[in-house]
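Note that the chains are named A, B, C and D in the order they appear, and that numbering of residues resets to 1 at the start of each chain.
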Amino acid sequence: MSTDSGGVGSLMRAAREPGVFMRLARGNLELWANLVVITWAVAFAIWQGSGFAITLGTVFAIWAILAVSLNLVVGFTGLLSVGHIGFFGIGAYTVAILTSNAQYEQLRTEAIPTFGWPFFAALPVGIVLAGLTAIAVGVVFNRFRDDIFVLVSFGFAVICFNVFLNSRALTRGAFGIHEIAKPEIGSVAFGSEVAFLILALVFLAVVVLISWFIVSSSFGRVLTAIREDERATEVFGYQVTHFKLTVWVISAMMAAAAGGLFASWTTFIDPNSFILLESILLVSIVILGGLATIWGSILGAMAFVLLEEGMRFLPFLPDEYVGQARQVILGVLLVLLMLFRPQGLLGRYRL
Amino acid sequence: MLRSAAYRERRGRILAASLTTAAAAYVVWKITESPDQAVQFAFNGLSVGAVYALLALGFTLVYSTVWFFDLYYGAAAAMGAYGVFYLRTSETVGGSHVNNPYVSALFALVVAGVVAWALYEAFFIRMQGRFTRKSLYIAGGTLTGATGIYTGFILASPDYLHLLLAPAVGATAAVVAGWVVSRVIQRLFSKAGRTTLLAASVIVGSLLGACCGLLLAGAPGSRLYLSWAVSCLVAGAVGVALYRGLYVYMRKRARSPLIMLVASLGVLLAITAATAIVFESAPRPLPRAFGSEPWTIWGSNIKGFNIFTIGVAIAGFLGLLFLLKRTSLGRTIRAIGDDEEVAKVVGINTTVVIAIVFFIGAVFAAAAGLLSGHDTAIQPRMGLLLMLKGWIASVVGGMGNLYGAVVGGFALGMVEQFGIWDLAGEWKDVISFVILILFLSFWPRGLLPRG
Amino acid sequence: MSTRTERDGGRFALETIEVAKHFGGVHAVDGLSIAIPRGKITCVVGPNGSGKSTLINLLSGMLPLDGGVVVVDGVRLRVIKPHETPGLGITRTFQDVRLFDQISVWDNIMVVLTERRLLPALLERGKSGQRERTEEILRSVGMWEKRRSLAMDLSYGQRKLLEIGRAMALNVNTYLFDEPFAGLFPQMLERVKGIVRQLRNEGRTILFISHNMDIVRELSDHLIVMDSGKLLTEGDAEEVLAQPEVIEAYLGV
Amino acid sequence: MSIRQIALVCLLGALALLAVACGDDASDESFKIGVMESLTGPGETYGTVSSQAKQMAVDEINAAGGIDGRMIELIVQDSKCSAQDAITAYNKLTDVDGVKIILGTSCSGAMLGAAPLAEADGVVLFSGLATNPDIAEAGDYIFRTAMSDALLGIDTGNELWADGIRTLATITEATDYAEGVRRTSVAQFEKLGGEVVAEERYPSDITDFRSQLTKLINANPDALHIAAQQEFSGGTIVKQARELGFDGPIYGEIVVVGTTALEVAGEAATGVKAIAAVLDPDNQMAQEVLRNFRARYDYVTLPWYLGSAYDDVYITAECLRQTGDDQDADGFRDCLYDITWSGAIGENYSFDEKGEISLSNVVVEVLPLAERTEENQGYKSLGQAPTK
């Protein structure tokens, strides 16, 4: 399987033999992308101090999990899903509802039952729930392809947001859910930012491993074949819908895991974190980093997180426009990529 | 487990029919329950539906010609609305001018570019025999520069919109009137000489044109309605520029419609965010247009402006129908929609025709955007929301069918209204997307399938 | 109603009875009843639009049947699902070569050799048997050197060969080749002919479509002539080619 | 390229992030105060006003020589109106800029997101705008000069009942603030015996409320209650309700009678009643703040929030004068608990044990279009909200 990236490989080689570097650097976009983003990350960490870097690292890890999971669907299977934020939200809300310990009855706002489960008990429930939702959604969506699939996945994102916002008896609607538990294993609590970052990176590593395991197996090869020609793959004896559904569900479960982490990290969630725009941004991260490459998604997530923080230091850009300016840059990048490099920076697959 | 395709199709049809019947029965039951509310809902549905129908019309036109989802379409809707806001901001809440020299210059450049390209396509080859290349370049350059500067002035000084536009409108009126007069004379007095014909049409044309120009120059109240035209045209020009400057190159290489979709998603993201930077992301009202007083009909209220919107939607539909069915341009558009390669071989300049389609599409979107903006309000995000609704409407009506677009638009408007009779109003968006998924699952060709 | 297969004791690998397919009002295949002899090369000829490709699409399940029955090894089928065709011993190539463009030549062959079930597929990472078979196929179609390049980067002839190789990798009894010789250079042409002959020598059934009468004469044992979705004539190649109406119907176009 | 290499690179990246620590919090001359406001998004009206008022107050203090010669420096971050952005902004302020005292946030949601962190880190979070009742319970380091919706709700319920309203229809923006307002108001109204005959909600990004309003009006309520987060939607709802032929009384709170809301609604807003904290017209300081603000920024909206944000800065300055150290959050907190302040929003108010203040709300009624001026903000006060 061609999951590996020449970019990182050549980076490694360059690290071992500095002489090779100049030869590699010439015209090697992937290497440049890697170098720029990683240098940027390191420089940023030095410049800004560890505390903030840890926060950003956690944000990065969560986005990276999402991006890697979405790449399974977009890059390897060829289904451009804009609805992944829905599964992220399901994971986040399940963990939030199950672990929250807030005394809502004493508050003057909407009360929902609290369970006070530990994080690691709630997370699997969230993952399974997202998986079940993904099965239901996938059965309906399986018949759609290409741009129609995009359209219905837009719909899924909007529906999910509205469910989070309007099922007040379950999610407290706009009030959001407080006091979401931090993860704990036995007596080891991941309360501090550093501990949480490590946990998030461990999650990321697990997700990357699983993704790698999938794409490097025969299963992954079938997925790419489906992406290239669904009908032809069928003629060779594959029940394409089952394969698509399976990877869709796996990807949804990974997104839910990211959601659970996110909920636990912020300790408070409300529907605003799960809007359609976030989903669109997520898709652009995946395309930006590169389709059908795991490392590309990670790099894309890193670039995305750094982009916003990096722009805070542009002197001519007022702080309040940073978010919007990032959106402009992402939009322009998408256009340029589609024009010149439809596979994304490190991609292995052109749309 | 023997399930033939015919069986599945039949099952789909049965399901669709029963769903429709159930929906109709529900509506009838609701109407008998409270006729007042039903009438009011119907009015609301028609007002909203008119906007959806306009969106779906333009969307269908573009989609059935180039066969990819152009998300710029949503941005065009927002640009139409914000164009009016940009030009008439002094009449809206907040009052302070948002007029920005960079923005004006940018759009002037875009318009100039589009004009340059249009001149090149329309005249360059035809005139090359008669004039030297150099003189053509000079003439074209001058005209382009003049248009760009003129656009820049119009955008930069909205307070003098009526004065600035008066000559242009007058000239257009003169040309149109002259043409009409010459046609009429030719019909009635077939023996009339060339000189008489020319003299009569020039005199009548220039008189009428001057009259129009003067009237306009003396009517500052017309600025709002002129700004409608300006923002529609600018949105259209941006559509053409995007097509010519971007999509043309991309379509050559694109393996799938997804490339185009993602690229136009980028365009939408960038334009939305840029709008939010220039105009702030909070919603804003547009200045009051005519007909903002409600009329009471059968105990329910509807604004005159909503009736106007419905009229615009129907007029847009008829105009588009005429264009596609009765004019040679329409025939070429349909030919391109059927098979672009063949159309190219037959000798149609597909680039130009598709550019025109993009222009018309963007004008429809801009019109829908500004009408809905006048009716309620504008915000940078409105583009995405409107576009999604336009999509759904055209899917409901039947992709690629004009009749379907109108029916789908109004149907979606109605369904959204009547759908929340028993449900809480916040589920409105969910209803439209559930409708979308139902339609795509059971009735993918829509209410009125194409061809 | 007994089928020819039943009467002839399995002499036919594949048989259609009154098979029909229509698109809107157009009857692409209209009550077609043919029988494809086992272990022989059958050629389908007919003018453009006579329903040849539709026939292959119907037999490979790419299009649902609108009527009629397909008999495969004595099993009567009204519905053929594409993913079941390898189980029925059928595979095919496409007129407009359909490879998995953006994956490597190697993977293009591997895809048809690997596990069909979900979970085993997840756990499988290329068994040695599969690798050897892939190498064997790639060498036999002369693509071993190209194994690392993407399928989309191959030349037209190479793509055609790769597609045939991909079909061969699926070890089945019946091969349906949709215009395997179209647009090939002489050298490639010989190679494909060789492959087809070799497959027959291995005792497999081959059905192919071609417009090249020389090749049809040279290769086919059995000939089916179609026109407007209907069967014009069917029989031993030499006999059929001797019939004047065939020459008229086919070469007259 | 194998998974090992990926892992290695990940590890390197993580190490680089962890290893590098940089302490640039050597305190210089000025006091550093963090500010988190929603400068973009649904809360931007409040956030902008609030941060401008704060900047104005800081400039005044600095122009007058600062606090014992030391200047105040505001470090402003956009917390949007969401918990996630508030957390990012909070971390930025505390980790990068090393502040211990943060003024903000504007939105209750953002406040509730950042509050647990502040509580755990011992950072003072001092808001002039967040009104959610739950913030009272958020912790020891959490203060606000905004009044809890709980107080507002009780007043609203009383006022509705006193005006003879027995059946009510509510329309509420689906945000925590607006939901909080609706909930507390309706609770009091129902306690008194009133009945809510219809309720509707809307997401923040819609501008067409006619379908919801049609349903509400069809339920024939005595009055309509609007709880909006954005001034804009508040004004639009008033306008559209009148367009749909609703002629009963309309109630809201400060958002519905904000300057923008009134401009959007125009004549339709006449007679709308709102229960709100308003600046006392007799309070000289309040009037001066408004005058200065108008002179500086050329507009005035949400005077009370403006004053509240303004007072925050002066209270902060007073406490900094007492503690003399912008890193001493505990001292600052104790100072806040002890302080009694007279400022733009009221005389002699102080923080209770939950970090809350309590001032009285008044009922205002919107004037006809012709009578609205910059000075009267477009409404007249009907006096204190009834207590019964």
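Please note the rule applied: a contact is a pair of C-beta atoms (placed from the backbone, for glycine too) under 8 Å apart; a residue touches a chain by one contact, two chains touch by 3 or more.
None of the values given here were measured: they were computed from a predicted structure.
Participant: Grab the C-alpha centre of each chain and report whichever is closest to the global C-alpha centre.
Facilitator: That would be A.
Participant: Among the chains here, which has the CA centroid at the largest distance from chain A's centroid?
Facilitator: Relative to chain A, the chain with the farthest C-alpha centre is C.
Participant: Roughly how far is chain A from chain C, centre to centre by C-alpha average, rounded to an integer in Å?
Facilitator: From the centre of chain A to the centre of chain C is 43 Å.
Participant: Can you check how far apart chain A and chain B are, centre to centre, with Cα atoms defining each centre and the answer in Å?
Facilitator: 36
Participant: CA centre of chain A versus CA centre of chain D: separation in Å?
Facilitator: That pair's centroid distance is 33 Å.
Participant: Let me have the rounded angstrom distance from the C-alpha centre of chain B over to the C-alpha centre of chain C, please.
Facilitator: Their C-alpha centroids are separated by 50 Å.
Participant: For chain B, what residues touch not just one other chain but two or more?
Facilitator: 276, 281, 424, 426, 429, in rising order.
Participant: For chain A, give me the residues that contact two or more of the other chains.
Facilitator: In chain A, 162, 165-166, 321, 324, 350 touch at least two other chains.
Participant: Residue numbers of chain C touching chain A in their complex, please.
Facilitator: Residues of chain C touching chain A: 60-62, 81-87, 91-92, 94, 98-104, 107-108, 110-112, 114-116, 118, 121-126, 166, 170.
Participant: Would you mind writing out the residues of chain A in touch with chain D in their complex?
Facilitator: Listed in rising order, the residues are 4-6, 8-9, 11-12, 38, 41-42, 45-57, 59, 106-110, 162, 165-166, 173-176, 178-179, 194, 197, 201, 204-205, 208-209, 212, 266-273, 294-295, 298, 302, 319-324.
Participant: Within their complex, state which residues of chain D touch chain A.
Facilitator: For this pair, the touching residues of chain D are 1-3, 5-10, 13-14, 16-24, 39-40, 44, 76-78, 80-84, 87-88, 91-92, 94-96, 109, 112-113, 116-117, 132-134, 137, 149-150, 153, 174-176, 178-180, 183-184, 187, 201, 203.
Participant: In the complex of these two chains, what residues of chain A are touching chain C?
Facilitator: These residues of chain A touch chain C: 1-2, 213-214, 216-219, 221-222, 224-225, 227-229, 231-240, 242-243, 246, 348-350.
Participant: Could you list, by residue number, the parts of chain D that touch chain B in their complex?
Facilitator: Residue positions touching the partner: 40-42, 44-45, 174, 199-203, 205-208, 210-212, 214-215, 218, 230, 232-233, 236, 240, 243-245, 260, 263-264, 298.
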